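Below, subunit A partners subunit B and then partners subunit C, in two separate complexes.
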Partner chain A sequence: MAPRPAWRRRLTRADEKASPYAYISPFFILFGVVGLFPLLYTAWVSLHKWSLIGGQGAFVGLKNYTDVLGQPYFWNALKNTVSIFLLSSVPQIIIALLIAAALDSNLRGRTFWRMGVLLPYVLAPVAVALIFSDLFGDKFGLVNHLLGLVGIDPIQWHKEVLPSHVAIATMVNFRWIGYNALIFLAAMQAVPRDYYEAALIDGAGRVRTFFSITIPQLRATIIFVIVTSTIGGLQIFDEPRMYDQYGLGGADRQWQTLTLYLYQLGWTQKNFGRAAAVAWMLFLIIVVFAIINFLLTRRIASKGSR
Partner chain B sequence: MSRTTRSGDRSGRRASARSVALATIAVGALALTACSSSSGDTAGSTQAGATSASGPVTLTLATFNQFGYEDLIPEFEKAYPNIKVTHKKAATSNEARDNFFTRLSAGSGMADVEAVEVDWLPEMLQYSDKFNDLKSPDVEGRWLDWKAKAATDANGALIGYGTDSGPEAICYRSDLFKAAGLPSDRESVAKLFGTTWDSYFAAGKQFAAKSKVPFFDSIGATYQGMVNQLEAAYENPTDDSITATENPEVKKVYDAVVKAGITDGLSAKLQQWGDDWTASFQKDGFATMLCPGWMVGVIEGNAKGVKGWDVANTFPGGGGNWGGSYLTVPKQSAHPKEAQQLAAWLTAPEQQIKAFKKVGAFPSQVQALSSPDLLSFKVASFNDAPTGQIFADRAKAVTIAPYKGTHYFAINDAMQQALTRVEQGSSPQESWDKWVNDVKALG
Partner chain C sequence: MRAKVIRRTQASPAAYVFLIVVLLASAFPLWWSFVIGSKDAAAIVQDPYSFVPGGHFIQNAATVVTTVPFWKALGNSIIVSTTVSLLVVLFSAMAGFAFAKLRFRGRGGLLVFVIATMAVPTQLGIVPLFIVMSKLGWIGSLWAVIVPSAVSAFGVFWMTQYLQEALPDELIEASRVDGASTLRTFWSIALPAVRPGAAMLGLFTFIATWTNFFWPFIILDPGNPTLPVALQQLQAAYFVDYSLVLNGVVLMALPLIVLFVFAGKQLVSGIMQGAVKG
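Right after this comes the complex of A and B.
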């Protein structure tokens, strides 16, 4: 066979080298456009005086950051965010694990139950928030009415800090438990059944197998769920915004989260510079939390198995 | 921003579903691009194409809550066969405001005719160069003076055509008054309330002595009625600088309303538009409330099945106006001429009277106020109260157009929160101090 012309050989080589990059490029282009660019642009905005309508103003360096850090509302929002995050994520993951374990066993009408737990996730969060904030009404809410029946004084859901956080966390949990349970369930089904049989023969009970087999085998999934719920939990917006009619997080900012604060700065006060600074700090906070959670989960989950 | 509700918008209810969706998108958008503004001025270029358009034109009209325009639009299309109108309705004024400013800053996406609520009108007037001057001999003198003045910018351009206004009376529960042994027909009750805030609160004490029902719904709403009678509550009209925290008048109003509502226990401590407030209409939550024309419709809706609501033809401290809107034509519009025609037609007295009969939006047009059609109008569920006559009287009593500058919305908002804190148990002084700090943080 005649040797291939040189240009064709070169083309083939270029093809071998370049095409893999071309194949994966859509992701990176997309990420660059909707992920990286906005991130960097927000950083750029945060270094300027910037109005929602007037646009770019003078370069001010880190002044927006120091301004925000000097405002008690920022720290209050951070505190509320962490509190609501803990009140929602922790019970959410524990309950989701238990529900997944229950669904993993031989239930009658399994598909029905599995579909059932996903139902809250399908509901629009705003609709959920509307219904829940009605249930949690201070004077005429159903929850207080039921508490009254067992002799408990009405709780001021929209006035005191902790009850308002509990109410909002309840909405978040209602929405996400089923979703997380299904992810756990999928992972549980991938655990080889031989392990359980071997454990059964060794005389392990259900509780023992759950902690010694299921949990360690689910490690990667648990890390995934915890990291995503960290990201989601720290960015919580819909539920606190819908919790009262004003959407600013309470008269005394009892449940104002960082995203609500960001919204208030950017769209109420039209100060995009400060809002961008908050956005960046929120980003950094989430990264820190995600890393902490990742490290913690790795340690806890690996203790049992290897 | 937003929850002007108490203060301003006729609709409020709550941050609606769509506004939250919008907000979510908006927050996402900040993460995404913080940008907008710079991408601006496409308006000029699109406009050029507009004037040359000859075929049928489609206009979009953006309103919120209830303007009562549903039946009017087909009528307009009949009168102007070459114009089609698409009506976009936001649920609340807050939502409309978010929408409005986001699109204004983006430089595209606004409707050809945008409704603007009076409480965010001053904010919007800062950007009056982005709107068409609607001045025209055809509409000269159509509106009450204060109504037209509020929508005129510093250069004398008329930016918005007035739609409705919110002259205030007092709505009350005649059955609860009767049960407390007080006069209950509208003339005697108007006399009992008197014409000053002191006499209104004194009537409240008389009522409270004989009834367990709180006298009015919230100190925030009552404060709003009082502060709207100050000529320049929060800002200096000459240079728009913030004077709120030093204005003794504001502090006086604050102290008076706190004394009546909290110390004397007249307030039901309900936040207007909240779930508890809405529910309270079914449960004898309170006996009176400040009541602009459009509120009659709100009460009718919330108090379905409850008998006894009526309107007293009086308002403490002189007249008062709460809410009301304008129609504007942004320069973004590709068909400014047709858009102006639509706005002018909709705000004509005849149309506005129809809207009043439909949804209670009281006309701001001079001619409409003396129209027999309007004056003879009665509301059956309010014990046949002649609301047309009553609110026309109330409109004539409005003498002050309070100055609302660019910070009005934010300052008033912070004040409403301060009053809510007091109703939730904070000490009045502490809450006031916090408000002072909030206002300072704005500057």
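Right after this comes the complex of A and C.
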């Protein structure tokens, strides 16, 4: 092979030096513009009087924050968000673990069962919300009808606070349980089978091995699922928005979540300053929740493995 | 591998019973919306709790597609979801290629940054994002939906991991020795190697974009919606008449149901290989 001319070598070197940055730049530039910048700029907007129509107004310091925190609506929305989040995340993880354990046994037609539990995932949250809004109808809903068959009085799913949270949490659980079960299933299959054999020899039953081997071995995966469902769950919008046709979270804001409140401030009241303040506080709440979750789950899981 | 499978505990009848219940619960809401969506209002009043479909599906569908701009919404959803998936796959493959196979200053730090941003709730930047879009004159335009969705930190992470495993360093070296430019190496060696991972990423991005509601609802005009936004309009028009609302739910779910029938297996293995919520 003939030696390459000097210009060619220089070109190659320039290519090797500059190319990596060229390849990562579309992601970083776009992420900066549509991801990072808006998030940081939210803090700036929140310190101003700012209207959807009129745009930027005077600097008001923390007034938007004190205004929002001084309103019962903010605290109501925070309470609703946490309540719906707990009602959806805790059962979601427990049921997903049970389904994963069932899928992990030696089934006939594995693919069929796995696809079956994943079906709800391809339904849009908006669609799920409309279906369940009908099922949980106050007067002629199927759920109340079935409850009536076993002698339970009709529940006011669209009027009372806790029942409305249960209905909305059911939508979230419906869509994500199968998805998370498959994540857990993958983690269960990575557990060395000798562990189970050793437990079997020691005379441990199925339930015992599930709690003393499977769960501790799944620690990292459980933490991962909890943290991602925290980040998503605290921002919940689609389901409460579609639970009735007005989209305000109920006549008395029974199921108004923080993101719904944020939307109402920004796009109904056209007050971007306050909406930004809520967004920034929700961001901090999510960070705090994610950290607490992480620490708690780590502690519980490591206790379990001892 | 085979031996492992055989040694796994035999499934008990209880496991089958439990899974049958789970599957019925998975499928029932969709069946229910088909049942209600195929009746006329009078039939629902007569027997609201029958699980048997009626004969009015086509008639109801005809009302739905004229009440909301259904065909427009379907076209928009196809355009937006396809474009976003292609862009996410392309940008993620490019960045993943650089992170996995090229050496450069700041590589480690930047990769940590990407992973950290996976946990950032960027949805909370909507107020400034709306301001940016109005400055660009993009309010109501499909670009306003496409561009913010075109980056995925998860996609970059996924592609980086995929390329680290799927593409041996020796191949890159050999291509360099042959005098190939980085672009050539990316195009004719990395891209073919990454195809299965790219298909998976594209599939999940497509579903996430197709079902996305919050931002399109804020930024799009009523006359130019995506399917989930059109569904909200249908609800606003007919909340009390569930036969029409749930008929719309079925119509709008159909494309993804078809996708699920053909690609459900890939979705299952994608999740089990570590795909994350979109």
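Just so it is clear, the second predicted complex is superposed on the first by the 270 of 306 C-alpha atoms of A that agree within 3 Å, B and C clash if a C-alpha of one lies under 4 Å from a C-alpha of the other, contacts with A are read in each partner's own complex, and residues count from 1 in each chain.
Criterion: a contact is a pair of C-beta atoms (placed from the backbone, for glycine too) under 8 Å apart; a residue touches a chain by one contact, two chains touch by 3 or more.
Quick caveat: nothing in here was measured; it's all calculated off a predicted structure.
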- In the overlay, answer first, second, both or neither for which of subunit B and subunit C A:Gln156 touches. first
- Task: Based on the superposed arrangement, let me know which partner A:Tyr21 touches: subunit B (first), subunit C (second), both, or neither?
- Result: second
With both complexes overlaid on chain A, does A:Leu30 touch subunit B (first), subunit C (second), both or neither?
second
| request: Tell me which partner A:Asp238 touches in the superposition: subunit B (first), subunit C (second), both or neither. | output: both
Partner touching more residues of subunit A, subunit B vs subunit C, is chain C
After superposition on the shared chain, which partner residues are touched by A:Thr111: those of subunit B (first), subunit C (second), both, or neither?
second
| said: Under the stated touch criterion, which partner chain does A:Pro120 make contact with: subunit B (first), subunit C (second), both, or neither? | reply: second
Looking at A:Leu130, would you say it contacts subunit B, subunit C, both, or neither? Reply first, second, both or neither. both
Inquiry  = I'd like to know which partner A:Ala102 touches here: subunit B for first, subunit C for second, both or neither.
reply    = second
The shared contact residues of subunit A with subunit B and subunit C are 34, 37-39, 41-42, 45, 52, 55, 124, 126-127, 130, 134, 140, 237-238, 241-242, 244-245, 259, 262-263, 266-267, 272, 275-276, 279
Per the touch rule above, subunit A residues touching subunit B in the complex are 34, 37-39, 41-42, 45, 50-56, 71, 124, 126-127, 129-130, 133-134, 137-141, 156, 158-159, 237-238, 241-242, 244-248, 251-252, 259, 262-264, 266-270, 272, 275-276, 279
Given the complex, residues on subunit B that touch subunit A span 1-3, 5, 12-15, 17, 19-21, 23-24, 26-27, 30-38, 40, 94, 98, 101-102, 104-105, 126-127, 270-271, 273-276, 279-280, 283, 410, 413, 416-418, 420-421, 424-426, 441-442
Touching subunit A in the complex, subunit C uses residues 4-12, 15-16, 18-19, 22-23, 25-27, 29-30, 32-33, 36, 48-49, 90-92, 94-95, 97-99, 102-104, 107, 110, 114, 117, 119-132, 147-148, 150-151, 153, 156, 179, 181-183, 186, 207, 210-211, 213-214, 217-218, 227-228, 231-232, 235-236, 239, 242, 245-246, 249, 252-253, 256-257, 259-260, 264-265, 267-268, 271-274, 276-277
So, in the complex, the side of subunit A touching subunit C is made of residues 4, 12, 15-17, 19-21, 23-24, 26-28, 30-31, 33-39, 41-42, 44-45, 52, 55, 98-99, 102-108, 111, 113-128, 130-132, 134-135, 140, 142, 145, 174, 176, 178-179, 182-183, 185-186, 193, 196-197, 206, 227-228, 231-232, 235, 237-238, 241-242, 244-245, 259, 262-263, 266-267, 272, 275-276, 279-280, 282-283, 286, 290
